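For reference, chains read A, B, C and D in written order, and residue numbers begin at 1 within each chain.
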Amino acid sequence: MTDQPDPLRIDFHLLDRQIVDAAGEPVGKVDDVELTLNPATGRLQVTALLSGQQVLGERIGGRLGGLLAGIARRLHPVEHPPPLRIDLTHVASIGSAVTLTVHRDALPTPPLERWLGDQFIGKIPGAGHAGQ
Amino acid sequence: MKRVFAVTLGILTAIGGFVDIGDLVANSETGARFGMRLAVVVVIGVIGICVYAEMCGRVAAISGRPVFDLVRERLGPKAALANLTGSYLVTLLTLAAEIGGVALAIQLASSVSYLLWVPVAAFAIWVALWRVKFETLERVFGLVGLALVVFVIALIQLQPDWAALAGDATQLSPPDGEDWGTYGFYAVSLFAAAMTPYEVFFFSSGGVEEGWTAKDLLTSRMNVFVGFPLGGVLSLAIMGCAAVVYQPLGVQVDTLAQTALPVGIALGKIGLVVVILGFFAATFGAALETGLSSGYTVAQYFGWQWGKRVAPRQATRFHTVVIISVLLGVALLLTTIDPIQLTEYSLVFSAVVLPLTYLPILVVANDRAYLDDKVNGPLANTLGIIYLVIIVVVAVAAIPLMILTGVGQ
Amino acid sequence: MVTTVGVVVVWAAVVVWSVLPPTPEAYLAEAVSAAQDAVSATGTVLLVGRADLDDQLLPPYTDTALEDAQQAAATAAQDLLAAPVPDADSLVVRLDLVPLLVAASDGITAVATASSEGDRDAVEAALAALVPVRGELDQFVQDNQ
Amino acid sequence: MRASDLIGRPARRPDGTVFGRIADVLADREPDGTWTVYAVLVSNSQRLRLFGYERPEITGPWIIARLASALQGPLDEIPIADIGLPNVI
């Protein structure tokens, strides 16, 4: 990481920021952040960004969050889907957006995006072309 | 030379794109009932949208982040979700009103009921959103929307007593036969027509999508500071035409045909053709903007890929939201609700949700972590705070005034 | 919990308010509103009709504008006819106003019919007949505002 | 553990007593490139999202800055070692 805030304020600098890939294309929002207790040092480390409606729903909590997570689960083909987890080592910089070192194609396509592409949008003529 | 051309084109587009169904309805209604006594609200509203859009344009150019992205960042997920719900519903209401406006404009040219045109118009709007390049859309409908300049010509042709109109404009009170409640209600509608939330969703998302940088700030500011005030002149001309033709007869305006009539009276058939074309372009253009904005708000909240720069296959969730929104708009219109009434409601609720999107932008526009040395100066902040107060007052007053006056009856 | 109670209270207030018997004041307000709508419709028709006679408008536009006015005038008359009458004074108001509203509606229909048949003389005659009706409706609005 | 297990939750001492609410979590970069949490910001107010006015990068508009800090109340930076972490993995 070359460009980073000092100190890193997790709520201010990370949570709810847009994640963009190396080309600047949107990947998702930082819906939560993974913290890990390092067993060797006993210290708490920031290890990954988590993204997806289910993570967001769990973070919001309550009935509203439950609803959001529930919808995300229902739209998902797998029973207990893992959230999109982006290791912090893939983060290039933290600015007005969180920029990754990788291209979005290297990340799993969000299930809803893929499902809509296969079942709905992709079937409409012209879906594969940008505007004329 | 090329730069001058681009700037001119941008300004012309901003003028033509300023007026939408809300401005057409609110300005002709108030002109007929209050003469020019609410003209000052149009001026206040236009300055407001200039202040707001300039901040959004600057934030978009420097930080690369559109409005709703920042709304979630500053408000947190819960408050922003409530905001998203409100903003989305208002945008949807406005989208329905604009589709209704397109259908009404075609009815004026065909005498076939607008209800039959609603699905046709909606399909055309969706095809444009699906296939046509963003820039092309903005340019074509902005430029054709300039046809509404015909209201200025019509007003001159009607040879009004200019001194009386100007005198009217300085009277900040309701005329005989109207009370303060309705005066206040229409003031809210006019303000909301000038400062509609979707305008900034669209403006800032467009800026991000076109990849604005600090170099584009000048162009963006010219569009805002020249284009919007000239668009406001069109609004005032619409108001003036209604005031001259209808107020002496005690006629209240509640159809789009009535809005067009002063132009027909002043300029005859050609004027009428031009004004109907202007209605069509203005509402069609605004339907495109609101359709896109419905997708922008949802996609930017969740961080999805959005916009027209990529193929629909690359932004399936965004395009799905747009399609669903257009369909919901059509469904709403097919309940046979009067599109003009729908417009009135959309304006009231626009006023209610505006503070929630305005405040985060005002805060971010002061944050050097986003804007570096391009943060608000003292002038932008003074105006920003004055307008924050106005916007909050209008938002709080909007629904009580609507109930108190029975939607201005 | 507080929100739920609030919603129920507001809802109950709206329901109670909407089923309360109409007051004479409310009836008069409704009558004025209907008269105002008819003034707007007749005034618009006079403007549209004259512009049409001067050959300034296009047929689809004229049809639409007259149809809108026809509908507005008919709705105004129907609404007042359907409104419950709370007392004797209100009945006087009703007996005064309803014929005017009907005359406005009929007069507009006459203009529309003549216009669609392209009968200039009939349009002129129908417009002339509409002028006094508009005047009386306007007077009613002025007197009761 | 997730950030949301700390942010917005009651701030506890290692013995479990609550003394406020965690408003933000601060991390520092180690020489090896990893980020280590060293402190949390604790406030007494219920409001969760700070407007960012706790940072030096933003000072205006004056009135909003004042309002935000008044709503926010004083913020204390507490070393992470003095915080009882929630019992989640």
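Rule of thumb we're sticking to: a residue touches a chain if its C-beta (ideal position, glycine included) is under 8 Å from a C-beta of that chain, and two chains touch if they have at least 3 such contacts.
Since we're looking at a predicted model, the values are computed, not measured.
Peer 1: Which chain maximises the distance between its CA centroid and that of chain C?
Peer 2: D
Peer 1: By the contact definition above, name the pair with the higher C-beta contact count: B-D or B-C.
Peer 2: B-C
Peer 1: Centroid of chain B to centroid of chain D, CA atoms only: how many Å?
Peer 2: 40
Peer 1: CA centre of chain A versus CA centre of chain B: separation in Å?
Peer 2: A distance of 33 Å separates the two centres.
Peer 1: Can you give the whole-Å distance between the Cα centres of chain C and chain D?
Peer 2: Whole-Å distance between the two chain centres: 63.
Peer 1: Specify, in ascending order, the residues of chain D that touch 2 or more different other chains.
Peer 2: In chain D, 49, 52, 55 touch at least two other chains.
Peer 1: Got the chain B residues that touch at least 2 other chains?
Peer 2: 76, 78, 369
Peer 1: So how do the chains connect up here, line, ring, star, complete, or something else (other)?
Peer 2: Drawn as a graph, the chains match no named shape, so other.
Peer 1: Give every touching pair of chains, nothing left out.
Peer 2: Listed by label, chains in contact pair as A-B, A-D, B-C, B-D.
Peer 1: Quick check on the complex: what are the chain C residues that touch chain B?
Peer 2: 33, 36-37, 39-40, 43-44, 46-48, 51, 55-61, 63-65, 67-68, 72, 138, 141-142, 145
Peer 1: Taking the touch rule as given, give the residues of chain D at its contact with chain B in the complex, in rising order.
Peer 2: Residue list for chain D touching chain B: 48-49, 51-52, 55, 57-64.
Peer 1: Under the stated contact criterion, what part of chain D meets chain A in this complex?
Peer 2: 1-7, 23-29, 33-38, 41, 49-50, 52, 55, 80, 85
Peer 1: Along chain B, where are the residues that touch chain D in the complex?
Peer 2: 74-76, 78-79, 359, 362-363, 366-369, 375-376, 381, 384-385, 388
Peer 1: In the complex formed with chain A, which residues of chain B make contact?
Peer 2: 63-65, 69, 72-73, 76-78, 80-81, 130-134, 136, 299-306, 308-313, 316-317, 319-320, 369-370
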